[in-house]
Structures are given as structure tokens and as C-alpha cells.
Amino acid sequence: MSGNTFGTLFTVTTFGESHGPAIGCVIDGCPPGMDLSEADIQPELDRRRPGTSRHVTQRQEPDTVEILSGVYQGKTTGTPIALLIRNQDQRSKDYGNITETFRPGHADFTYWNKYGIRDPRGGGRSSARLTAPVVGAGAIAKKWLHQQYGTVFYGGMSQLGEIDIPFEAWAHTVDNPFFAPTADAVLIQRLEDYMDALRKDGDSIGAKIDVVASKVPVGLGEPIYDKLDAEIAYAMMGINAVKGVEIGAGFKSVAQRGSVHGDELTPDGFIGNNAGGILGGISTGQDITVSIAIKPTSSIRTPRRSIDKDGNPVMVETFGRHDPCVGIRATPIAESMLALVLMDHALRHRAQCADVRLPA
Amino acid sequence: MSGNTFGTLFTVTTFGESHGPAIGCVIDGCPPGMDLSEADIQPELDRRRPGTSRHVTQRQEPDTVEILSGVYQGKTTGTPIALLIRNQDQRSKDYGNITETFRPGHADFTYWNKYGIRDPRGGGRSSARLTAPVVGAGAIAKKWLHQQYGTVFYGGMSQLGEIDIPFEAWAHTVDNPFFAPTADAVLIQRLEDYMDALRKDGDSIGAKIDVVASKVPVGLGEPIYDKLDAEIAYAMMGINAVKGVEIGAGFKSVAQRGSVHGDELTPDGFIGNNAGGILGGISTGQDITVSIAIKPTSSIRTPRRSIDKDGNPVMVETFGRHDPCVGIRATPIAESMLALVLMDHALRHRAQCADVRLPA
Amino acid sequence: MSGNTFGTLFTVTTFGESHGPAIGCVIDGCPPGMDLSEADIQPELDRRRPGTSRHVTQRQEPDTVEILSGVYQGKTTGTPIALLIRNQDQRSKDYGNITETFRPGHADFTYWNKYGIRDPRGGGRSSARLTAPVVGAGAIAKKWLHQQYGTVFYGGMSQLGEIDIPFEAWAHTVDNPFFAPTADAVLIQRLEDYMDALRKDGDSIGAKIDVVASKVPVGLGEPIYDKLDAEIAYAMMGINAVKGVEIGAGFKSVAQRGSVHGDELTPDGFIGNNAGGILGGISTGQDITVSIAIKPTSSIRTPRRSIDKDGNPVMVETFGRHDPCVGIRATPIAESMLALVLMDHALRHRAQCADVRLPA
Amino acid sequence: MSGNTFGTLFTVTTFGESHGPAIGCVIDGCPPGMDLSEADIQPELDRRRPGTSRHVTQRQEPDTVEILSGVYQGKTTGTPIALLIRNQDQRSKDYGNITETFRPGHADFTYWNKYGIRDPRGGGRSSARLTAPVVGAGAIAKKWLHQQYGTVFYGGMSQLGEIDIPFEAWAHTVDNPFFAPTADAVLIQRLEDYMDALRKDGDSIGAKIDVVASKVPVGLGEPIYDKLDAEIAYAMMGINAVKGVEIGAGFKSVAQRGSVHGDELTPDGFIGNNAGGILGGISTGQDITVSIAIKPTSSIRTPRRSIDKDGNPVMVETFGRHDPCVGIRATPIAESMLALVLMDHALRHRAQCADVRLPA
């Protein structure tokens, strides 16, 4: 197993390369008897797909999903669900100039050194395009968790470069191209202008994304190693370009005193949520709150120093079609990863402890 | 498997509770033929053990390790290595008052809700005492990695509460009780005073710890999910009290431009290390750099509101013997987790790709 | 993970149902740099596919395989290899009469009771059709093992019903429709007549299949549980209709004395192979020899008593297109499973012990 | 993971060597809240321990088990249960003569070639002594399965060398030293005489063991690979000295017609059990019936040809204390392995399908 399977009981095994014939995944362990069709999955894929605004890559991919197995007469049967997405808009020639050189900040250098061979077309296997099957699988996990426990997921951008995006309401994330949870038109315009300037500069920028799961059952997570927060950190850090993960108070915990950080309990519930909904690696029933840092896209037009595979110095400019801020499309991906972790742990909990305690 | 095994090919399965008869682990997958005795392991355990200064818990545990298997005539045989550490200084009566109540910030509430039963003595299974077997296993991983590749590990504290600790040199970490990489006597005194004041207040504080692995082979890490950074995030977030993890530039990436973040390459190597030694989930051969946020200890003398297991409101004051800053002893633990991840991935890489490329 | 992934490091995750749109698998962990195209895989699929003689099912499936990922410019890249086989000749209406009843000897009863739902078309997920992707994956394992170690695989039928088929040479297995390792034309005719009579009777029959791997490296297999023979037994018993597995002397060992059974060693090698090439769960470098018992096909025209899903008594006659002896097509499947086990253990061995000792 | 962990959700990780300081295991995934003490485990260990009759090894090992973790106030807590058994009666000098030579039929040759080092004392890790921790773990699985579903286990010897032992009743297995399910005093005497003669000859003999699980829930087993029968085959073939495994009709299926083999169903249940309680890899609720072939002990006094580690020819006579028929003590081991498989699959089923259907 070279790391292409996610999960322990609800597993997602992905395949495909950015410019190969198809990408997809096999989802194993889905409980039987749930209504499921492509119509449950396609909307989530549409949230993530490229080409939806001028601030993301202009590659045209409808990302149309086909269910190949595991569903009979509109219901899951408990057998593996295979999802297939044919690639449509490969322009591999755009990448001709990078087959022999390593783009700074990209996986080119490491794939070459690890495997002695790499598919350079659009980043090959290391392309963010491979998050599409994950989002497909996440749609199934979200549906099941919602049906079973009422769990819902939210996510959005809280920082773009040095611009903070104060939280107003999740509902606003559908009204702008950034998944920004704000209705502040001035701020949105500022984000648009910021991105336009970046594109003009041929440069890119990082972002911070927050995701939340609400109505999570109490008791999910397996100490000592497969703690719920450890698994979330693993899931999030595994998303392309992520460099940092926080749960609850995160790095703010460093300067907090115990008398401030530790969330008190009352008969009506917890007071505060510095814990981010997890204590001792197990869910408390509060909101699970996660923040991630996403680095700037490494594919930029600005010329940069690098070497070719023989070690000779070269200058690299990356053309092709790229997201100037890969964080813009990261929200549905991060939500999906969180859903996959929770679904897997719901099943793991049920195995050992039988009952799942519904959230308050 | 309820989460008590760490690793895929080099696995560590731990057992034990804080106040049970013993703690320990079984290490499976160690390559045969390496010299090994308790003398290789005990020094690492001694770095982590309690009672070494007035700033950590005063529980007296020699943490003497016994190797029960897997070694013959001083060499590893390739069979499982079991480590046993008998608990010596249990004072369970100190915990009598918390058997029915949930301490804020602790796993009491979640263990009770998950399992319907919990061992309350010293935190039971969720105690940081359970990091001792991990440090024992880490000592074996460190030795093997050093013999094979010359890999070395460093770690220390970079922040205590709101006090920054500027990095000078790793060598200084052995000269103060905080693993602070500084020879600044004024700063050390300030840290001492800060901790003394906290203890007097009956309160606790968070910390930030940095760990580094040098001379890491190129090519370790398994895309797409078992990326090296994803596994490190999982390992670190699984350490008791950790709330945040960063690789390389971490959250600073959010405000960086691509033209700044992406480390350029020259024939003499990378310029800069915003990547933290990992690109596309695979090691570059540069230093692996990791930072973690550790929350303040939840066991404090300050009275706090909580509930008992029947939901009635209570006030909780935690006595017993506790670390006022659990971050102080976290450095050897974080180094060990990093070593376990790298060892596991060195074996995984060898399985698929046969050759391991030595670091420059 | 509900059991649809085979292997630890070289993993095969299959999907699909007999009458769904497609079947296939994702192969993860294949070493990079091996030449691979559909032309390496199709011949093995052709050995197994239906419709090749009047003694097997007449369903017309070309079983044309498409590689969707993991290969670039004709070489494996180390990323997952997805194989897709579209189903062509579904005649689900043939199965209309069994949607509500449980066919004796089939998985109908157990799938229904396990999942509360089942895809009845052609046996759905439990159909022997699902061995096709395994044979595809096996072709890749066979190629790699042969390139690395010179390993070769043989297999054939040693018993059909009560008729023994004395071994002459593996080369003969391609000259008759039974994979019988004999050139005895009289015996072959007897087998043909036997099968013709069975078909006329609307009945079916069992078979015994032998498979052998030659030129296997010394040292493959992981004690204590993942012994090479244990994994082979798991692989073989997992093939549809298998009810017994033997390694080496198998059940003959029961009446053997130690002075007879234990294969002596000389400087020129072992004398005898009662061990079947495995001692203490680890390969000796001798031929690995395996025998399996395959039960008679459960789909027969002869009317049989059963119940429907509400527990009412019914009579069941199975029409549709079926193999009267599923053992006839089992040889390439059993060879493939053996190849998958050996490939997985070659990688596992390499992870822990680095060197693989070539067979003599 | 080099194969020392058994199971997926209810896992047993063993450690230890025949003549090391201790053997034991860590059991992970046990549901919380079950009464458990050493008194539940010791009786099963006593059934398997050496020295109970003159027909088994005379090594004196009380096999006293200590529970190190996972139990609080007499109840399981859901955390890992560690079992420790100190070795008492090592006489390693008995093995001095075999440190440099490979005993025919033993793992000496393969361990040496795999690892380049081996612990020769009493067979080291490959000794049948390592089945003791498994039996300890099996006792826990048996208790849980019985409490939850009423499942019970039976086992006994059905053949010793060429002597058949016709089944009368399981109750008789406790009345003779062979676990023979017969009250036939003449037959028992014949078995005693047979063994006495063997010992006098310095030789050994094989045996056939049958095990049965009754009152097994319907629906256990995970198609396609982790079929219940596949996992049982893996578990049984992994027991020291096992060379063959049958489920239900086993090798008799080869000569059966479909109209005979397929067990018919009526409203009152199945008629016949050629399936051995498993269809399509999933339990039917009928008795699970398993037979295994156990080879003769390889440690015999009769001189045999072999080589030393440098390839020179030598003669080997094995002294020390050995079972002349390792099959005699195999019954409790095989029952335990069957219990571990069923327990693991009960938890796996519960994860995906929530409800477990009680046996009729």
C-alpha cells in the first residue's frame, strides 16, 4: 500500500493523473441501504471544479461523475462504490518545457528522486486535480452522517494573503467566489482586486481556511494514536499545499493559561470551545473546529532559478492554466476530508462500543 | 484495532495506564542485526522522565526499561521487541475526588461517554505517562536511522507562554530544564521565575516546541494520503495536549507570495526551506522542520466549574502531582514521534523502490 | 475496509458486480519503472474468460482491459494502476426469477441477511466474474516477479469429480479445455464425455486444482501470523467455491512419521518437498506447491428446495448461463492469487531485510 | 508490521521467544464493560500447557498469566489488554548442538536465510510455545462471543497417524489426553500404545483436528477477500505445523455433484451442512466446521541428514523435550484461532451493518 487509500473502515482508494484518461476512486465500507445516485455527488464536485470564476484555473473540466458499482436500484448495497471521472481538457503540450526541469515548490524534484520516473503532465499524480475523487467520496460521507446524526459541515476562507476576512455567517460563502463568510461588499471587492493584481504580476498567494462540523456524535476517536484530532491533522496536512493545521484554539494555546484554556462544563454544556470539540482525542459533541494554512501556488509565471534532472542550472517560468490561489477552491476539499474522518470514526466507534451517542 | 498501534511497517503497539501495574509497547518490524540493549533506550527515557526539575511533576518514576523479546546475543533478530516499564509511584488516592467528576480540559468526559467506564487514576490511559513507551521505541528508530543514513534529531522550546525563546544552538538545550536552545542566562532565569509564579498561582501555561531531523534520505513519503507531512501531522497532533502543527513556513505561508515561498534550486542545493524539507509529501533531503503548539496542562489547583457523571454541577480543584507546563517534557516525545515516522517511511520506501537515496 | 482490498504493500482493491456497468481494480504499490501495457495483461484475462469451450459458461465477454492510470510512456510510475473492464453481455432478465429466493449453495441467503439488500443479477458482487480483475492484477505481479527473480507459475487440474488426472507435464495444459497437465487423449475424451453428460443432467461437479511457483526467492513470509502459507491459504480459500487448501504434503501429513515428512538437506539442496516450499511460514527456495478443492457450481437446472426472503418454501431451478464445473476456469485465478501473495511478500521482505536472496 | 499482529479490529500482537524472559500479547479493540480477570484466561492456558501427560513435552511451564492493563475494577475499559507469561523452564543448553545446523522440517534454515540471524534456543520465535498468548487472547474472545450471542466452541482429534477416531460426542474430549471425542476405551488404549511405540522409536506423527463453532450470528464475513472462510484458513494455516485446511465438506467437494453438495433450505433451516456454515464468505448461522492437517513434529531423535550454516553436510539428532505429536495439544489452539476470527468479524460486521443477527 503506497499511501493511496484513506481511512480504516470507510476507505477511499484513489487513482489517476492530471492528464491521464481518467481519475476516480473506490469507496469501501459504506453501510448498505442508503439512497445514492450521481445527483448526490455532482453538486459537491461542482463546488470544487475549475473554471467557475476568473480567479481560478481556466481548465474546462465538467468533472462529470459516473457510479460504476455498489448501488442497486438506487440504494447502496454495502459493496465497493467506484466513482469514475473522465479527464476532458488535457493540454499536455503546455507542460512540454517542464519535463526535464524541477519547478520550485513543486513535487517534481521529489517524485523524480523517489521513483526515478515521473508523469510531468500537469503535475501528474501530485496535481490538486486528484482532490476531485475525494470530494466525491466526501459527498457520500456527508450524506450518511447527516442522515444518521444530523451532522452538517461548514467552511470558508478566513484570510487571503495578509487580508483578514472576519467571520459573519457561513451562508455568505455561496455569494462570492472565495467562500468568504462575509456579506461585506467592500471587502469582497478588495479580495477581487487583490487577486487581479496578483494575476497581473504572474504571482500567487496563500490563504487560511476554516472548517467546522456541527452535530457530531460524542465519543468518536480512538486513543492513543488514532485520536480524532490526529486523524484530522493527517487528513488536512495531506491536502495539496497545506503547511499548518490547528484544532480549536490552535497556536493561541501556547500563550493561554490553563485557567483560561480548559473549557468549563455546566449542566447546560461546555462554556467555550478552546478544545475545538475534541478532548483526549475523542469528540465532545461540540463543534469540531479546524483551521489550515495553504501555501501560495507554486506554478507562477515569474521566472525562478532551478535545476534540470542532470543538475544543470535553469530558469523556470510556468505557463499552462493554474490557480493563483489554490486556497480559493480548498474549502469543499477540506470539508470533505473532515467528513471522511468523521464517517470512518463513526464506524470504528460502532464496532467497539456498539452505540453511538447522538449530539445534543 | 482501536488506535493503539502506530506505524505501517515499523509498528509500535502500546499498552498500560498511568496507575496500572506496568506500561510498555511491542515494536514490530525492526530490521535484524542491529546491536541493541537497554543501554540504548534508557538515556532517552531519562530525558523525558518526571522529577528532573522543580518545574515538572514530582512523581518519582525511574522508568527502568526491560527488553522482553526480539534481541538475541545483543542483536535484534527481526522479531517483535517488547519493552516493559513497571509503574512504581502510583498514589491513586490523590485522585479519589475525581472518579465521579469530569476535570475541565481533560479526557474524563469523553472517555466516560465513549466507553461507559474509565480508569480515573492519574488519567488512566489518557495520561501523558503513556508517552514513555513511545520514547523507548523512538530510541530504537533514532539509532537505526543514524546508523543507516546519519540522520540526527534536534528539538527544543521556542516559546513559553508569551515569552519567545530565540534560537541560538541546539547544544544549549541540555543546559537548562526547558530544552531551550539558548545560552542566554537572563532569559533562562526569566523562564524559571515565570514557572515559579505559575506554580504559586496554581495555574499552568502552554508552549511551542520545534523539532528537526537532519540528514534525512531523499524520497521518503507516500503520496497521496500517507504523505510524509501528513504522517508527521498525525504523529504530532496525537501527542497529549498538542493543538497545532506546522511544517516549514507553516501559517506564515498564508501571507507569502509564490515568488517568495517556493524554495529555488541551484546545483548546490535548495535556497531556503519554506517547504520544511517536504515537497508533494516526499522528503527533499533538506532538514525536516516541525513546530507544535502545546496547550496548558488541564490539571490545575484553581477551582473550576464542571459536572459529575450524573450531570450535576460541581467545582473541581485538581491536586496530585502535575506538570504546570506539559510542554517542558514534550521535546523528547516530539523527537521520538518524528523518528518513528521517518523510520516507518524509510522501510516503506525500501519496499517499493528498493534503493534509498542518502541525504547529501 | 470491508474486505475488498487484497495485500499489505502490493494491494489490489476491486469493484463491480456481475451485471453492473463495469468491473475493475486499483493496484497500489507497484514498483516504478517496469514496462507495462494492456498487452501484458490481456493474455491472462483471455485464459480465464468465459465462452472459450462448450464446457464453460456461454456468456460472451471479451474482458477487454483498459489501464486508466499509473503508467506513463509505457512504464509504471509507482502510482496506482487502475484497470477497467466494461461488462458487455448482461442478460439480467435471466435472473428475474431469483430476486426473491435464495439459491441453494449460493451467497443469496447470506448477502440478504448481512446487508438487508442484494444485487441478484448474476450473483452481483459474489459472482466468479469478479475474479477477472484479480487475474489482471496477477499478470502484473507475475511479470514483475519473473523480471526480478525468474519466478514462474504453473497450474492445472488434477481431479475432475471422481476422475484422477495424473500429472505428466505443465506444457500440456494449453492443449485441452480443462488445463489438464496430460497428453493422454483417452483421458481427455473421458473428461469431455463426463462434462457432456453432466450438462445433459443439468448438474455440476467439483474439481481439484494444483498450482506451483518455481524460482521463488528464499526468505519470503512474515511470522507469526502473516506466514507465507497462511497468506496462501487465505488467498486460495477466498476464491469462489474453494472449500479446502493444502500446502506440500497437505492432508497426507496426518499419517506421515516425522522421519518421513521432514525434508532432509544436503549441500545440493533439499531432498523431497513435503514442506511445499515453506518452513516456519517462510519460503525455502523450493517450489511452492498448493492444492485446492473446488466445490460443484451451485447454479444447476435440477430443481431444489429453498425458501424466499419471507421464509416461504419454494422450488428453485437456475437457468441463465453457468459453468457446470467452475473448477475448469479456476487455474489462472489460483495462479494469480499465488502471484499476488508472493509479490506482496517480496516487497514486505525487502522493507525489513533489504536484500532478497535469489532462488538457486 | 512484520506479521505479528492478528486481526483487523480485535487485534492480537504477540511477542516473545521460547527461551526468552517472557512471552505475551497486547489485545486491542476489546469492547468495554465486560467482566474479566486472570481466572477467565488461565483455564484455557491450562488446557494447552505442556507436561499434562506423558504424550506431550515434559517442559514444566505453569504458564501463569498476568493482566498488565485494560482492566479496571474487574471490567474491561476498551483500552489494550496486555497479557504477560514469564518463561520458567528454559534449558537452552539442550539446544547447544543446533545453533549452527538446520534441523530438517524446522524453521532454522528459513529464519537464518531471511534474517541472517536466529535465536536457536527452543526454536526461538518459531516455537509452538508462542501459541500460548493466542490461547489467552482466545479466552477473551470466547467469553465475549458467548455473552453476546451464545456462541460455543468445540474441538478434538479425528485422526492420529493412520488411526481414525470416529466422533461420538465433544464431551468425551476431556476424558483422555488426546482431546478425542470418543468414550471407546479400546480405541483410547490403542492411541496410548501407538504414542508409546513412537516415543520408543524416537519418531513423531501427524494428526487431524476438527473444530466447530455453534450459535454463530448470521452475516459475519467480508467479501471479497476477507471472507470468513478465507480468514479461517489464514488463521489455521498460521498455526505451527498445519499443512491443510478444510471448511465443511472440504476436499470431499471435489467428487460431489451440485445436486448433492448445495445445502437445501426449508422454513425450518438448512438441510445438511456441506457449506460448513459459510456461503459466499459469510456465515449462515449454522455450525462453522473446520478440519486441519497437522504434520508430524520435526524434532525427533532419529538421526537425519542436514547442512550447517556454511553448507557442510551434518547429521542431526534432536534432543531436548518435544511433543511426539504436536497435534495432541493443537485443539485449544485451533479453537482459539477460530474464536479470534469470529470476534474480529463480529466487530467488523457491527461497524458497517450496525445490527448483528443472532443465530437461530
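For clarity, chains are labelled A, B, C and D in written order, and residue numbers in each chain start from 1.
Keep in mind that, in the parts below, a contact is a pair of C-beta atoms (placed from the backbone, for glycine too) under 8 Å apart; a residue touches a chain by one contact, two chains touch by 3 or more.
Only a predicted model underlies this, so the values are computations on that prediction, with no experimental measurement involved.
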Minimal step count in the chain contact network, chain B to chain C: 1
More contacts between chains, A-B or A-C: A-B
Reference chain D; chain at largest CA-centroid distance: A
Whole-Å gap between the CA centroids of chain A and chain C: 39
Separation of chain A from chain D, taking each centre as the mean of its C-alpha atoms, in whole Å: 46
Chain centre separation (chain A, chain B; CA means) in Å: 26
Chain D: positions in contact with at least two other chains: 1-5, 8-9, 14, 29, 32, 78-79, 114-116, 125, 223, 348, 352-353
Graph class of chain-chain contacts, one of line, ring, star, complete, other: complete
Complex contact set, residues of chain A against chain B: 1-6, 8, 14, 102-107, 109-111, 113-116, 125-126, 130, 159, 161-162, 198, 203-208, 218-227, 229-238, 242-267, 271, 274-276, 278-285, 293-300, 302, 304-307, 311-313, 348-349, 352-353, 357
Of chain C, residues touching chain A in the complex: 1-5, 7-9, 11, 13-17, 20-24, 26, 28-29, 32-33, 66, 68-70, 72, 75, 77-82, 84, 114-119, 124-125
Residues on chain B engaged by chain C in the complex (per definition of touch): 9, 29-32, 78-79, 223, 347-348, 350-354
